[in-house]
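The two complexes that follow have chain A in common; it is paired with chain B in the first and with chain C in the second.
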Partner chain A sequence: MTRAPKSAAGVARPGFAWAAPAAVFFLLFAMAPLVLVAVLSFANWDGITEPHFNGLDNWVALIHDPVMSQSVWTTLLLTALGVLTQTPVSLLLGVWAAGHQRNRAVLSAVYFVPLLLSATAVSVVWRAVLDPNFGVPAQLTWLFGDGNLLGSRSGALAVLTFVGVWQFTPLHALIYQGGARAIPQVLYQAAAVDGAGTVRQFIHITLPQLRNTVITSMVLMVVGGLTTFDTVLILTQGGPGTDTTVSAFYMYQKGFKSYDFGAASAIALVLVVVATLVSLAVVKFSGYDRMRGTAEGL
Partner chain B sequence: MGSRFAAIAAASALVLGMTAACGSGGASSDAGSGTIHVMVYGDATNKVEKQIAETFNKTSKVKVVLDTVPGADYQQKLQTVINTPHAPDVFFNWGGGSIKPFVKAGLLLPLDGFIAKDPGLKSNFLPSVFNSAVVDGKPYGVPMRGTQPVLLFHNKKVLADAGLTPPRTWDELVAATRALKAKGITPIALGGGDQWPTLMWFEYLYDRIGGPGLLQRAVGGDREAWASEDSRKALAAVKDLADSGAFGRSFDSVKFTDGGSPALVAKGRAAFELMGSWYYSTQQDANPDFAESGLGYTGFPTLNGGKGDPADVVGNTNNFYSVLKKTKHPEAAAAFLKLMYSEEFVKAQLAVGNLPTTVHTVDFLDTAASPAYSKYQYELVKAAPSFQLSWDQAYPQSASTPMRTAIQQYVDGKIDADAFIKAMQALPTS
Partner chain C sequence: MRGRPNYLAGFGSLIWLLLVGLPLYVLLLATLRTRADYSTEGPLGLPAQWTLRNYLTDLSNGFGRDFLNTLTVTASVVAIVLLVVPPLAYAIVRARGRATGWVFRLFLLGLAIPAQAVIVPMFYLISKAGLYDHLIGVILPTAAFCLPVCTLVLTGAMRDISPELYEAMAMDGASPGRVFRQLVLPLSKGGLSSIVVFAALQAWNGFLFPLILTQSDSTKVITLGLYEFQTEHGADVPGLLSAVVLSMLPILVVYLFARRALVQGLMGVGGK
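Entry: the complex of A and B
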């Protein structure tokens, strides 16, 4: 936005008028609420009486609130687990779906079904499937023990991560499929002539060519992970205790359960800052901001 | 260009999307044209409210408009709308802590004016129920649905097979849980995933051990009540029960709301469940045969040496209609509230399985959906020296989340009695 690109001469830069509709929407629905939330974070408001400013009270309380710091770590942990589990599965699935195997179209269609379901429905279904008395754990006691999956921190985090993989892999597989389809076939043909097998082709051609796709998908996963809410609301309600209380859910609890909109606004701002920092870090360290093409020399 | 900015924008937009999703327009209250808006919790009972509104509209010039709000969102909607021009004239609530913030904000009309004109608005209701909508000595609500005491339900066949009878004392209950556990049956079904079912065990044990005064002192702001010896005794009793495996080991993964814990009892995999009186209709929906012949119920056992009266009950006393101060038609609102003790109202509520709390309900109990069950409940509530409103309704709404969290953590052994007492003392009380 600030640095003028030194683009090739002769290509006219589109005027700012083109950005006006998007900019107006952005100002109205993103920037204005952000400013209001920032103001509200210095106030005490229950939604019925007049808000009155209480200085730094919300922030001081937030800093001393062990649940808040725990929720930030839980959020980051769940995000990291999400990226680590979803990336390999969706990468392999997407690359496979980009090929020309028999039954590929039918199987791909089946794999993409979870993408069409609402997160609420997905959570309700998995709750029933994982019921300790009448669900799968009751049949597979050798694997699940007493089936108390949502009764411990590690168990509940594992369930949330697993449901995340199930739910979001199709979206990312779709992105990878598109990316893999765009890789020029000539590269594979050359590699085949040189005697490279499927595995070597994957490691030395597909992966490097998909670099930008990986980053795109990861940014989406990170942003999605940091704002995880619906699955937590339905599967664990932040429990047991506060073990899976992610920041977005904690914000909801403060705002719409305890009617403490000042504290909720402060949490929202923390989320904005954390999400921004993480996104910037991903962009910085991945070289996404330079966005070099992967098709040089072709 | 701008990819960094775009990333920031995307991240902030997603976060904001969630915070900005509050504030919604309400039903318009066109007071000038002679209507009063009545906002109610949306569920199956609405057909009674519709019928009563129609009855009222037949004779009244000022018409009642019923606004039903889906149950899960009711409280949030009410909170958002109540201090705006879109606020209803009359609204459904749970009494106690659920209306206290509105009273403090000066939004509600004290009903003593109505009662002075028509004493029946007070005298026709059971006092223990009517009193739970009294705030700072003034009445703010008229009971408008059924009472929901918490009862100890059991599977008759499971108890009979184990050679047990429904326990009358705490010691008998503890002995029964041991015997059932030895037989490989989960003694007590508990939907710990919902958190509030666990709270019911605390509510009854605190009442039986410390008497109803303990919680009243605590809600009134006396933080020492939580640290009292009786409080510690009750906590120890809860903990002993949980640690003995009476609730099984996987109760945190079980919910009442998705049918998990009622299914355990209906299928004979568990023997007891402590739950509000709506449990009967829950079982009737999911397992009609079991509700018909296999489902037994008793009051909560007595406890030797406890201060609470064995006849005390806890639960939701009833739901209430409260009136907003700024309503343009207070006379119409008063006339509408009078219908809440009419014969038509009582009969209609009984027919859908609710137990209204008027003094003459008893005359119509034979018309109830399940007369024996309704009679049992009615006698229980009528004879109760104290009807303790559920803790999460007695405290202000803002206390609900930290209270439930502490309850779950204590039963799970993540915090000890001292930490639990501290958490309770930190709850907001006004």
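Entry: the complex of A and C
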């Protein structure tokens, strides 16, 4: 490490050398690929021979590709469905788990199990559970009808949304649990003195106090939703037809199945731009950037 | 949160219990029955005959090798994260230079980069570097994509150390290295365990980088093994689901014995 520059108070402070290894590593394996993806989106590359530039060809093809525009809408739809379903469930579950009752602690241990499974494992399990011939629908025909949930567009979208809730709720519930525990108990005691019940306390104290947490969690959901890949790959393969072909999956198909890596790079760039814009919009729209800290409004 | 029971919350939580419990019930029971039993009896009833053969078959079909590969990836990713993130966070919190501020902004920007977006250039770079189909080729990008969250969490933890403690050590003429070892590291244990939990889970459950950066059996990790099992022998549901159970077993053991650390760790990730 470099010699320490001394500050006015004589306190030895770390130099830039302390930050350098992580910075170099990150530049090499995360930032460089990001720059490279932009470059490759203007090139033709089959994955074997050297890439060569082809100007705007990939972009022109992409704009005229009906599957691409469909995939963008499907991605946005699934993201919106994800945020709308996961937020209420994880908010309620997280606030519930924040209580210090003994039974809640025990049940929470079970509730958070999906957190431990990889997206791959989650998808594999649900695919087996929902199999129309050998899964649960075959046994509960009164509930599922013919049981071919993944056979229609609406059914497949519903399954992907539902599996999203199952898979991501525990993480977001945990985030809300942390947020809810940080709310000063005084507020609840004061409300109880005023005769406010549980529901009113939830609406007038818990929700406003969790504002920042809601935004953090929503940004994570949005970015996660826009980049949905594993569940689509394993549960639907983008089908039926191209009905659930989300952009990340379409990119994978273009690149690693059709060996058109230039087109895949263009899709990737669209993905990055959309993800960044939507996250910024959430932050802006919610006024997060103007907020100063969780203590605000106390 | 008050003393009297909240029936509405109780009812809601029971529904969630059912939703979480049902697939786990099917998962566990399916692994304990024969393939024929699963197709005739269906997933919900109890097995006509209990068996452990599915697990034994998986273990003899290369699960052990996948397991070791995943273990190697996970241990290496955690090691890299522990090696580079604490000094970085220390510099971000304590250094005065402008360069460190830029590095911090770089990592904040990195939070918004989804791994999916870089798989094509990553494939290009890793192939060019001759690391395609080597575990190290999976380890490096996986670790890199853990860095932004880990840096943010650990920086948050280190900011909580009071300035008086630094000044006290400065009185003794301590160098940055000694301050780091004797003050910063011991006082950010919570943050350190958070980033270990986060990085380990990311690496253990990682799928995308192994999917595009490896192809042989000798470099296969568990998640990729599950995916291939599903595409090649998807009809053998008991065998497939046994592999799922085996894949989550180590995390489940950690969960049982260190649930508090794990949950606190993930809560720390979300809270910052």
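FYI, the second predicted complex is superposed on the first by the 267 of 298 C-alpha atoms of A that agree within 3 Å, B and C clash if a C-alpha of one lies under 4 Å from a C-alpha of the other, contacts with A are read in each partner's own complex, and residues count from 1 in each chain.
By our rule, a contact is a pair of C-beta atoms (placed from the backbone, for glycine too) under 8 Å apart; a residue touches a chain by one contact, two chains touch by 3 or more.
In this text, all values refer to a predicted model and were calculated from it rather than measured experimentally.
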First (chain B), second (chain C), both or neither touched by A:A248: both
Touching partner for A:L150 - first (chain B), second (chain C), both, neither: first
Which superposed partner A:P240 touches (first chain B, second chain C, both, neither): first
Touching partner for A:D230 - first (chain B), second (chain C), both, neither: second
Partner chain(s) touched by A:S279 [first = chain B, second = chain C, both, neither]: both
Contacts of A:V37 with chain B and chain C, given as first, second, both or neither: both
Comparing the two partners chain B and chain C, which touches a greater set of residues in chain A: C
Partner chain in contact with A:Y188 - chain B first, chain C second, else both or neither: second
Touching partner for A:T198 - first (chain B), second (chain C), both, neither: second
Partner chain in contact with A:Q177 - chain B first, chain C second, else both or neither: second
Intersection of the chain A residues that touch chain B with those that touch chain C: 1, 4-5, 26, 29-30, 33-34, 37, 47, 124, 127-128, 131, 134, 223, 226-227, 229, 248, 251-252, 255-256, 264-265, 268, 271-272, 275-276, 279
Chain C residues within the chain A interface of the complex: 1-2, 6, 8-9, 12-13, 16-17, 19-24, 26-27, 30, 38-39, 42-44, 80, 83-85, 87-88, 90-92, 94-97, 99-100, 103, 106-107, 110, 112-125, 140-141, 143-145, 147-148, 151, 166-167, 170, 174-177, 179-180, 201, 204-208, 212, 222-223, 226-227, 230, 234, 237, 240-241, 244, 247-248, 251-252, 255, 259, 263, 266-268, 270-271
Chain A - residues contacting chain B, complex: 1, 3-5, 26, 29-30, 33-34, 37, 46-49, 124, 127-128, 130-134, 146-152, 219, 223-224, 226-227, 229, 236-242, 248, 251-253, 255-260, 264-265, 268, 271-272, 275-276, 278-280, 282-283, 288-289, 291
Partner chain C, residues of chain A touching it in the complex: 1, 4-5, 7, 9-16, 18-19, 21-23, 25-34, 36-37, 40, 45, 47, 51, 89, 92-93, 96, 98-99, 104, 107, 109-121, 124-129, 131, 134-136, 138-140, 166, 169, 171-172, 174-175, 177-179, 182, 188, 192, 198-199, 201, 213, 216-217, 220, 223, 226-227, 229-230, 233-234, 248, 251-252, 255-256, 261, 264-265, 268-269, 271-272, 275-276, 279
Complex interface listing, chain B residues touching chain A: 1-5, 7-16, 18-20, 22, 76, 79-80, 82-83, 101-102, 105, 107, 192-195, 249-255, 258, 260, 263-264, 269, 397-402, 405, 408-409, 412, 414
